[in-house]
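The two complexes that follow have chain A in common; it is paired with chain B in the first and with chain C in the second.
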Partner chain A sequence: MSEPERDPHTGRLTTGHDWNGIKELNSPVPKLVWFFLILTTVIAVVMWVLLPTWPTGRDYTKGILNTNQYKVLDASLEAGAKQRAPWTHTFETTGFDELQADPAAMLIVRENGRRMFEDNCAMCHGRDGQGGRGFPDLTDDQWLWGGSPEDIMETLRVGVNNKHDEARLSQMLAFGRDGILDTNQRRQVVSYVQSLSEHDDASHVAALKPADIEAGRDVFAMQCATCHGVDGKGLPTMGAPNLTDDFWLYGGRRSDIEETVYGGRQGVMPFWEDRLDEVDRKILTLYVLDMGERQK
Partner chain B sequence: MISQLTPGERQLALVLSICLAAVGGFLAIVGKDDIIAVHGLMVSAVAYLLVFIIGIEFFKPSPSPRRIEKYYDDPTKAGIVLALVWGIVGMGVGDWVAWLLVFPEATFDAGWASFGRLRPVHTTGVIFGFGGNALIATSLHVMQRTCRTRLPDQLSPWVVLVGYNVFCLLAVTGYMLGITASKEYAEPEWYADLFLTVIWVSYLILYLRTLRRREEPHIYVANWYFLSFIVVVAILHVINNLAIPVSLGHAKSYSLFSGVQDAMTQWWYGHNAVAFFLTTGFLGMLYYFLPVRAGRPIFSYRLSIISFWGITFLYMWVGSHHLHYTALPNWVQTLGMTFSIILVVPSWASAGNALLTLNGAWHKVRDDATLRFMMVAAVFYGLSTFEGSFMAIRPVNSLSHYTDWTVGHVHSGVLGWVAMITFGSIYTLVPWLWKKKAMYSNALVELHFWLALIGTLIYVFAMWNSGVIQGLMWRAYNENGALAYSFIESVEAMKPYYAARAVGGLFFLTGVMVCFYNVLKTIRMQDDATVVPERPPLLVAAPASAE
Partner chain C sequence: MLEHHRKLERTAIGFVLAIMLVASIGGFIEIAPLFTIDETVEDVPDMRLYTPLEQAGRNIYTREGCYACHSQMIRTLQDEVERYGPYSLAVESKYDHPMLWGSKRTGPDLARVGDKYSDAWHVKHLMDPRSVMPTSVMPAYKWLARTPLDYEDLGLHLKTLRKVGVPYTDAMIEHAAADAFGQANPNSDEAYDLEERYGEDSNIRVFDGDSARLTEMDALVAYLQILGQLTDASYQETPLQSNKGTE
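Take a look at the complex of A and B:
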């Protein structure tokens, strides 16, 4: 350790330490540092007095403001609900037809519904509601579980093939994988299903073997008609789609239909009863219907 | 490098490498049905490579006994190069994932290339790969000089450095294979954690042995910082990673903590990793290289002492500010917030001490990009610590939390402070270590400085903007009292900022590449006999030569 020396630039003494040429000035701690240390400590102590802070064994100091984050949350939720009350009351008490005819209500549907749809539904059905393979298009006229406002709202409430006690259940069997139909029968029933489908050009039907279609008709009656109906037009109560139109949830090419018959389909939709309240589900129902109308 | 080891150290190195190969082989066999086998084989392969490297020079003559007249700098040299390699890898992956946020489909439909797996490769690569190697390298240098003593032996620094890098390698390859403990900045699984524990304790023992041999009566403040870094990171690492593996043959383990206790343990770890890995370690670097480069005494010895104890004491309390407005009890949040507010004072005192040290050397700051790196580092240290304390205030946090503001804050700290002080230290250190008059090209140092500064500014301004916009969009209500924006709309609003951020990152990455090139070129330059790395001269007369 060398002797303290005077730094020519500042005129201050060093501490006398020297590490590989590094020295330290013996400057006092600037008053500003003490000032802010005391100031921030005072701020902290004031907060400790006001707010819940220190643990005291099994309990903690509550603070003289007697507040906590749950009380703050409850209060702000209550204030929000009060602010929304005028129009939520309308939605609670008014029927679908009346709401659809009320421009003011539909304005709320379009604003709030869009936000809710994008946050909750769009990841499967798309922001425009047109769905995709395995996810139904909500803007067409085809509804697996019925397209009335009441049906849609019920589907929103309980969802499809989920853990909700009242969930809509629809399980198309895996006719191939589970060995219910052999390869021949599957070929025949796929041909029959294709022959049912209305198509702009009938060439694909012409390419099917009449014998297959005939044999497929029997297979269909035995295995498929229970859910899809004898005429293949589907049953909304079973969530079984209409096979005679040109809408295909899982694709309408022959290979798609073969895949569906082989492995079955068990599409899932979550239930929203726990996440969205009745007014919100009503708004979403109206939003979905309105979206279809507007896209026509 | 092996020829520098004594025959006894070579034997021990061989034994340790064979043990490592055996552990790797054991994991590969008991875990043959699990992904852990890949890591077992990898560890074995690295260990056999080490055996091979040791074997080549095993029978070379013993090193000269006069070696003790010189500091032992080989591990520092290797650490500097490794730090830069990890820097390029880690920042490269960082910029890659930044572009991934602009073009989210660019994952080739491959699991390893998904954001969730590559992002920890980035964070581990830069924090532990780049930062950790730089800290180990500089700490070995600084403690020898400021203690005026040679490292106690020549094997243990290599154990620390090689072992640490094996850990980093296990970590980043594991993420891409899908191995993760799901704890941020502590993602490696139990076997990698155990391995690091052994390595880290060796580091601590090495540091303490060197300190005990010191020839200087006082311990310089840089060593206090480095020591706090080593001790506290050991404590954090062990506690946060307490877990029970499914079996010895499985990579997966389950944390000892659950629920809110797990979250609190994790963020006690997480914030103190920021404190004791990314702050005190690098303050150790600053307290040595800044005064040396500036040729000025430290502004205030007393200020450095109260800053040290302030930082060490206060940081321990503040982890809970990462869990504001969660299931964490309100009182823990208040504690975290209030201590965070006080914490700004010692942080600013450190930054101020650094900047005031430059008084009398500002003309050097103007002319010397290396010193300017360190000056800017001190400024960003001040900025990001103020920002951190500000964001820890609960109402502010309700806006900033979960937004890109956090990302901007972190990067103003790590790009502006941690990386800048490291570059300044590297440019100071490299010519000394390799006995050169100066860096290969001062123009390239200057270029690197501006690339780094511009990159950092673009990055943090982009993230401040996007973060505040996100936060405001998430809490905006329409006149009906319902939320105004959907989440996807806030994502769309981020796109230009994400692109800007990726460009900023590219600037920064380019700078590191320039640095690496410059360092390699410097290493290959003609030695300069006038450069004496043995400064201060080692006192080899009495105690050291007795060995």
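Take a look at the complex of A and C:
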């Protein structure tokens, strides 16, 4: 330990420490640091007064601005809603036909609808709405629950086979697993269903046994026609698909149809009433219909 | 004063302790009062408990490190609320031990994923994420579907959770294994008992699409489907938020 001494170059005192001849200047804390230290302290004191800060046991000081993160969020949501108000009003009050004919409205549908579709629907139905096995293609003209804008919007609201009180309910029975039809009957009815379906290449029908098709017709009339219709064209009110076209939700190969008849199908679509408001659902409906049109 | 400080500086351990004491002041005055303030955890009468199967799924979620890429915490920010739904409330994590809020989002937030997609979708996605989301970077979890769920010891899990404040009853602990089985086997007697114990809102169905076996897939999907569904409070607190993205 040496005595503090004045450094000849800077004119400041040293600390008085001496490490093997190395000494340290006793420089004061720079003014800028003091400035910011005091400034931030002053800001903190002001904040104590303005914002929720100090705990007081079971409560806390609310601050004279009377604001908090929830109110800030509400304000930003309100501002967003206000910004959209002109066109949300249009969507609330205008019918589907008129909206579809209005290019300005459809521009909004394409932009906002795409965003909502990708956030919520694309996971199952695919980014381009083409679905996959078990997830319906939204761009073809086949609709299990009806393809009118009103039907689609209702499907969006309540979903299918979920716990919404008004959910669309549809259960294809497990004809094999539950022992309703035996192996023979299932073979026959699958043959009949295959003979119904329209196909460019008719060779698959030629390969079926006429006797099976005939016997399958009776099984179909007994077991399947209630939902799929006597002619097999399906019933949108039951969510039963048309079997005479060439669209297959769970695959159209014989093995797929056999699997469907054996184990039944109960496709689930979530309901969106809690997650998307009416305008959103309307926009999505228009978006989905528009998507199908554009992909034609 | 300076003389005291000089002394303190010269005792290494004493100085370290002093630094820790000072550094903890900030944490103490920010965190400690939350334990006494009434508003910290909302009072929600309809808060449901995780069923044993959901709890088993939660353990799998933790085991597989899902929390490393998925958060379960919707913050009070416009873009989050518009994308995911109402912001998370403290009470929604009341029975989470440990909490799985996470802090990193490689994948989306999962706080409100319950009931957002179908069980079939979850299974397909966990088996092969790219099959439903071509740009996904999530790994596949195929083995969950073929690994039988080890549910015999779930009663002990529930018992442990009760020690840290989750109000499981004696009956719930005693019948935990049967309840786990029942939740994935609708129409069974066990399913009926589960409903008696955990309420009629319980999801009782074959989660993985295979009714023959109770697998880890059943448990994980059951857990994912309850996320954000334990109480309706968040939907009451914030009015229905529309999802229009941020402008």
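The working rule: the second predicted complex is superposed on the first by the 247 of 296 C-alpha atoms of A that agree within 3 Å, B and C clash if a C-alpha of one lies under 4 Å from a C-alpha of the other, contacts with A are read in each partner's own complex, and residues count from 1 in each chain.
Keep in mind that, in the parts below, contacts are C-beta pairs under 8 Å (C-beta built on N, C-alpha and C of every residue); 3 or more make two chains touch, one makes a residue touch a chain.
No experiment lies behind these values; they were computed from the predicted model shown.
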item	value
First (chain B), second (chain C), both or neither touched by A:83	both
Touching partner for A:112 - first (chain B), second (chain C), both, neither	both
Partner chain in contact with A:9 - chain B first, chain C second, else both or neither	first
First, second, both or neither for A:237, with chain B first and chain C second	neither
Which of chain B and chain C A:148 touches, first, second, both or neither	neither
Contacts of A:276 with chain B and chain C, given as first, second, both or neither	second
Which partner reaches more residues of chain A (counting touched residues only), chain B or chain C	B
Partner chain(s) touched by A:60 [first = chain B, second = chain C, both, neither]	both
Contacts of A:295 with chain B and chain C, given as first, second, both or neither	neither
Touched partner set for A:184, first chain B, second chain C, both or neither	neither
Residues of chain A that lie at the interface with chain B and also at the interface with chain C	55, 60, 69-70, 80, 83-84, 112, 115-116, 119, 122, 127
Touching residues on chain C, where the partner in the complex is chain A	29, 33, 36-39, 76-78, 81-83, 85, 87, 115-121, 124-125, 131-134, 201, 203, 235, 240-247
Complex contacts: residues of chain B adjacent to chain A	145-146, 148, 216-218, 220, 288, 291-292, 296-304, 306, 310, 325, 329-331, 333-335, 337-339, 341-342, 344-346, 348-349, 352, 359-360, 478, 480-489, 535-536
In the complex with chain C, residue positions of chain A that touch it	55, 57-60, 69-70, 72-73, 76-77, 80-81, 83-84, 112, 115-116, 119-120, 122-124, 126-127, 132, 134-135, 162-163, 267-270, 274-277, 279-280
Residues of chain A touching chain B in the complex	1, 7, 9-10, 14-15, 17, 19-30, 33, 36-37, 40-41, 43-44, 47-48, 51-55, 60-61, 63, 68-70, 80, 83-84, 87, 108, 111-112, 114-119, 122, 127
